[in-house]
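Below is the structure I would like to discuss, written out as structure tokens.
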Amino acid sequence: MRQLDTVIIGGGPAGLSAAVRLWEKGIRNLLILEREKQLGGILRQCIHDGFGLTRFGETLSGPEYAQRFISQVEEFDIPYITDTTVIDISVEEDTGKKKVVAASKDGLLEFEAKTVILTMGCRERTRGAISIPGERPAGVYTAGVAQAYINLQNKMVGREVVILGSGDIGMIMARRMTLEGAHVQAVFEVQPYASGLPRNILQCLDDYGIPLYLSHTVTEIRGRERLESVVVSQVDERMQPIKGTEKEYPCDTLILSVGLIPENELSLAAGVELDPRSKGAVVDEHHQTSVPGVFAAGNVLQVHDLVDFVSMEAEELADSVAAYLREDGLTPCGLSVMTDGNVTHTIPQRISGTEDFKLSMRVRRPMKDCRIELVQGGQVVAERRMKKAIPAEMIQIPVKAAKLNEKEDLEVKVVC
Amino acid sequence: MREYDVMVIGAGVVGCAVARELSRYRLRIGVLEKELDVACGNSSRNTGMLHAGFTYKPGTLKAECAVEGNQEFDQVAKELNVPFKRTGKLVVGFTDHDRENILKFKAIGEQNGVKGMRMVTKEEMAAIDPHAGGEFAMYVPSSGILDPMQYTIALAENAAMNGAQFLFGQKVVGMEREEETYRIRTEKETFSTRWVINCAGMYAPEISEMMGYPNYPTKGFKGEYFILDKKAGKYLGIPVYPAPNDNGGFMTHATPTVDGNVLVGPDSYVTEDREDYAVTKEHLDGLIADGRKMFDHMEPQYFIRNFAGIRWKRYDPETGAILDFLLEADDGHPRTVNLVGIESPGITCALPLARRAVKKLVEKEQPEANEAFQPNRPGIRRFSEMTEEEKKAAIQEDRDYGEIVCRCETVTRAEIRQAIHNPLGVHTVTGIKNRTRATMGRCQGGYCETRITHMIEEELGVAPEDVRYSKEGGYMFMGKVREEQ
Amino acid sequence: MLKEFTCIMCPRGCEVTAEVEGKEVLSVEGNFCPKGREYVLQELTNPMRNISSSVLVRGGELPLASVRLNGLIPKDRIFDVMAEIRKTAVDAPTAIGQVVIENVLGLGCDVVVTKMVGRRE
């Protein structure tokens, strides 16, 4: 069995960023495992621009952003295998060694590694998960699936379109389909606020005269063969449809952009503890999960708004993995990060109290003129004042070790 | 005009079982189906329960066939290579009235020949399954679970292997009796056949009338279901049913599936429309409330899909009473067998009913046996069910076993390829799904659907515009984004 | 007159409030950086956008190569430029940055490939 320092599961933006940084840090006995024919992950189908402003100081399309990292992987000759799907990760109890099993056309590949980096990304929430009532015709697609058909396979999925959910991919697909001659009637969002970024509302919807209806949802899907129409209702404050507000929209296509869920089936196989709030692993400030030597970053850990932050998170992870492998050891993280009702989740969930770290979080609902406070033992150790805070945006707050103690848990709260 | 000795109308579980049993004889067998695959109606829209037979009135065809079908199923599952687990069942009660009903049906079951039923206390229930609701229960050891879709496909494939021909997209619109033959008209063509067997399920009354029998009164009882993630499946090892009502009907129950998911449902309400498989908010909400009484992990976080089915029952218009299955063949209507009102427990009863139907033909004509009849169907070998050694060997034999196409259900390219080239010639997206489980997992095709449609095009050489989701008008694509100008 | 803008110059998406008179900007507020002011000015005079799409690839391992513009075009010319893109096809292999339409419709920027598509084996 091949012995490795690190196996990276997934060659999307997180995996690639981690690999390049590890290589630069002198960790060379590593391997990226990618299930697709090419590296790059979901970015291969995200052909719109707007990536890279933070990481590279210029705006790029998804494929270009990915290529920056792929080119470095090629240049350094970092080993990777494509067309290979990891099917199991297990941890040997006494030695702590990780066994990774992957299926490929050349057989079942088995690796033994000191560390495993989880960068599998996320998946889309489906019609079934949100239980949209009605019939089951062809023509109901999640935004990412429609995007793959249109941008990778050259297939048009529909002409008369309704979009449910104001996630960024949904809005981007509204524009994409409009540019390709489809008629996008409207975007409906069940929440009283948009779930995607304001710039996408402007440049993907407003620019093309596509209305966004907040507090609305699809309450029935009609059509026995191909989709014929959807019924849309207004919802009350508990997000229950209001009787009498039903309106039928004839259409042949319904695109769903109703949320992303970190893809953690392999993490569970490895025994990694998940956080029900983020749906990703519970990690400490080193991005280490509850299983020593198993690390996670990118959308498998928490759904990000920008790929730039995915890369940066994975690069920080790589620094920790390098330290772990060098056996300088990572500082134990005995303190918990707690949240109040205004915060959806935080990364990390565990800290040492002795080192600088960066806290990532999202707010549960839009808020104006608020202050995010990180409090330890009644002392505010970091804060961020915000004119507006929205759930669509991932908020990052650097925390200085000098302000922290190593005894008390940290609380994150939003004060209005 | 294509000519047959026997034409079976309807490729549900009963039609496919009839075709399979007919293929034991040297006959030219055709099966006409209005949809593009087998089991598109209620054969696939049910709990997948191999019923024991304790709720059916003694002496009825339902009772007789259910007990017979139940007892033989280990052998059937082995022959047809379909997943099946004899899990047993808990029929749970909360009140004294529940206990009375359970005991009443226990007695009926004993009369029907159901073996091993016994009452268990809450403590014993906990030992059988700690996640089951209820204060006491009847334990029925002979109940089992199967995948009704896989079972119907297996029956059909076995029939096809033995010579039966499946004709899809052929909706029967008329029938004329001639001297020695029947002419059956579909929307597309006319077929000639000596025998006709009506297995049209919900549409059996119309076919019955075309054959010259009465248009029997029937009505639909629709029920909705939730399918739960396999993550919830680990909490349920045995079907948990509430005590039957006074008529022997069961309301919402929780059933593990052979694949490790959980089904919660069905409820029951009257429908007039035989194509009304829509799910409704009202009923899904009801299932959430009722399902929680049966299963303590009935939570929205586990929902991956939902569906509806219709039990289309024959009833007495005078009294409104639900009637037994009808199987008839009389000399006034030569060379016909008429099956009407076949609903639950149709899966359990399919083969016993098929044997009885085929017997009518055999008694009249004594056809020659099909010497080449092969009762075993190989089916597609599932990668996810192989041991590590078997996986290695499978990939060595066929490299496509090393390419995972559906990650949630771990379905490989080799399995999809075999499904696309299935013996029945079905090539809808749902057809591939039902043969492999690809797209049935928690991401519902988010990862693999684009790959499957691409494979259908490549393997069969069809254009994207010709790929269908499940029905004739259910096209997936509307042209290309870019075309050479 | 006070006008609200969502700046799209970067993902931050600042909500900018500007005091405008005709096409003149008197003051801006809410922008994190100077680009916010630039953006408001542009929106008032001649809103500019970038677009991304795909062109057909002949003999490629993928049927399409993604493209974008290497500069901004007036918003009201988006569909004109799309019509040009629709007419265009390239041969595999493609390289990132490869110009497929130079100075599209004389608007001062090119349509460039953003994906490497190899030859079909």
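Residue numbering begins at 1 within each chain, and the chains themselves are lettered A, B and C in the order written.
The rule is simple: a contact is a pair of C-beta atoms (placed from the backbone, for glycine too) under 8 Å apart; a residue touches a chain by one contact, two chains touch by 3 or more.
What you see is a predicted model; the values in this text were computed from it and never measured.
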Most central chain, judged by mean C-alpha position against the global CA mean: A
For chain C, which other chain has the most distant CA centre? B
Dist(centroid_CA(chain A), centroid_CA(chain B)) in Å evaluates to 39
Between chain B and chain C, centroid-to-centroid distance (C-alpha), Å: 53
Chain A and chain C have mean C-alpha positions lying a whole-number Å distance apart equal to 25
Residue ranges of chain A touching at least 2 other chains are 152-154, 180
Could you list the positions in chain C whose residues touch two or more of the other chains? 54, 56, 63-64
Two or more other chains touching the same residue: where does that happen in chain B? 481-482
Contact footprint of chain A on chain C as seen in their complex: 6-8, 10-11, 13, 15, 30, 49-54, 56, 62-64, 66-68, 75, 78-79, 82, 96, 114-116
Chain A-facing residues of chain B, complex: 226-227, 275, 277-281, 284, 300, 303-307, 383, 388, 391-392, 395-396, 399-404, 407-408, 410, 412, 429, 442-447, 449-450, 453-454, 464, 468-482
Which chain A residues qualify as touching chain B in the complex? 35, 83, 85, 87, 101, 103-108, 123-124, 126-129, 131, 133-139, 142, 144-145, 148-150, 152-159, 180, 219-222, 224-226, 241, 252, 265
Complex interface listing, chain B residues touching chain C: 481-485
Quick check on the complex: what are the chain A residues that touch chain C? 44, 47-50, 53-54, 59-61, 63-64, 67, 151-154, 179-180, 197-199, 201-203, 207, 305-306, 387-388
